[in-house]
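Chain naming follows the written order as A, B and C, and within any one chain the residues start at number 1.
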């Protein structure tokens, strides 16, 4: 097996993992602290991608587009929390699932109405396209490297905030005992809005970073959302550490599976059989992994609550 | 004949840093009414959880009728004849009182993978349930929604459900909790009719109930049984008085 | 409303459904025959979900998977020249039940949010599986080679097919009603109402829930077999997770834990979609908020509103 190929796929896996983490962090926190199942989290991913694309075209500057896109997603997140979600905190999970499902339909259709149903292709600015020679023989796209670095930086920032600041302490406390934190007189409403908005912004960041690599179209959020669910289930609900671990594991397994399963199968099966079974199995891999993890640890690897 | 129906040895249970059960030792003889008392925070809920099978102890063993049931989950223990009632009323509010008890009867009346026959119509379920409701004084309320019953009636329903299936051991968790004086007396009178025929473990705060019903009392303090004996012995026990009954005169 | 009156209303409803084909012929509106047949097929699927969601309280977000398994069982057999209806539909039910057994065995060990996410994830897995199999059209799907063949019945005849679907719907409703009133049904409902109590009296909910899951999966697989015959086209979109959401809405809107609920819900949702899509291509823009509002303010569902509380 070509080591350079493995290294390249390793980086791809890291990149996917980092993006999954950005989405998983927000979702797991919202669930852990507010006990809210938010299916519409994928919509923020999509909104981030669309807004960044729109603002980049509008202003002609990529950086400005990204910043405005992030700000816009944050604004939408806060608006959704204030208008639609407040009533759902007290409701049972079934109601939350159904209501946020309705939100998904709404946002997808809104995107289709504003920008059409066809996929948008967004481009990377000049200074970010191109390749970097990491090792002799290993050329890696600069853009993807930036994503990895940025994602890890955000992960680090998130760790710092959660582990070292007062807000972070409240967040951790809230994740394991919501009622207690409220009883201590903390302004719960404000905390909820902040956490939710931040989570939405992270998802938007993942979306706008993903735009140039994957495509921007209505419904893009839901496809990755389900992978994010797998991440959270594997990592454990309510914990950032779990989100990171789960995201990296899923990112790696999925990437390596798609890259190497077919050739690996081809060594033991006929090429035709490998051709048929390879992609099918690869797409099922992370779900099988989830099933295995659940069999051993029903609450995931690092659950916030025991 | 007078063997132990329940034996608990060295039960240890921690929740993180909290040591809830600190080596509990308990013996309950067949046919006796055994009360477990103790101040708040002594670990009674944790102990009951481990006796009923809802909690797995970290160490130690629970023996029921000579058999080691430590690893057995709650439904299995219930099927073996260990019935319980809950401190906070736990019934099926959407079903009628009769249906509540019929469900409890059903668990002991053959298997439930029956898909066609109407359960409500089965006399093998209905008749015992009606009898049990009569026994606890809810005969007239059989058709009422359990959720609409008065608090005392719901506590009685709990007992009826625990009695279904003719259990060998009744684990009653504060049966008179939240009841007024008159209701409490009625419940005590009813429970005394069960004495002797059934083994009862009674976890209670209400000293009236404890001293009028119990053959023996065990005192739980900070997760350990500090004393176990007849009501007279417990009343006289200095350590118990200090820990629980206070320095005042007899209860 | 007492049980007799309820049964009467239901019977009248079903009679009206039976009257549709001749009426459609008289008024020359074959579209309605088609629409109502489609609604009834989804009502069967919703009824199967009602067992585990409405009565059992299991929030399975992956129920559309069985529509897919059932549909593919029929479609794949037809693709290879096997048109025997009994074989096809038998496989549809059997395969769906088996898939439900596997998914349920893993998922039911979890609860709460985990359960919701896991059932959703497994459905998505099957969806991706369907997309990746090029032989059957990949994500475009493929036309159904021929409708299922039964001796003495021609499913190509719209009326015949309509009555077959109606008969199956009635059968599912009747059997379902018996099931939820049986000993088995009582345990499922008890476990939903109060799990701790159910364990304390001696029932271990897992095996009952798993059995319910399998039954629901099998019935939904049958709905899938009907659906693929109806659309005459096989596509992984049967298993799209938004379809699972639609099924859940049918159960909720119709009224959880009632026999008529899923039928009412299927009618309400699909007629609403039909109506809205007639007005504007962006009908989901309006459906979304409508669904949100219905969850917030109309939780009792249609059955609760029409028949009053308590099945």
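The rule we apply is simple: contacts are C-beta pairs under 8 Å (C-beta built on N, C-alpha and C of every residue); 3 or more make two chains touch, one makes a residue touch a chain.
The shown structure was predicted, so the numbers you read here are calculated from the model rather than taken from an experiment.
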Of all chains shown, smallest offset between own Cα centre and global Cα centre goes to C
One chain pair leads in contact pairs, namely A-C
With centres defined as the mean of Cα atoms, the chain at greatest distance from chain B is chain A
Whole-angstrom distance, CA centroid of chain A to CA centroid of chain B, is 49
Distance between the CA centroids of chain B and chain C (whole Å) is 43
Between the Cα centroids of chain A and chain C the separation in whole angstrom comes to 31
Chain A residues touching chain C in their complex are 31, 37, 84, 87, 93-95, 97-99, 101-110, 112-113, 222, 226, 229-230, 232-233, 237, 276, 279-280, 283-284, 287, 290-291, 294-295, 298-300
Residue positions on chain C within touch of chain B in the complex are 178-179, 181-187, 190, 193-194, 196-204, 208, 211, 310
The residues of chain B that touch chain C in their complex are 52, 54, 73-76, 78-79, 83-84, 86, 90-95, 99, 102-104, 106-108, 112-120, 122, 161, 164-165
Within their complex, chain C touches chain A through residues 59, 61, 106, 109-110, 112-114, 116-118, 120-122, 124-125, 128-129, 131-135, 241-242, 245, 248-249, 252, 282-285, 287-292, 295-296, 299
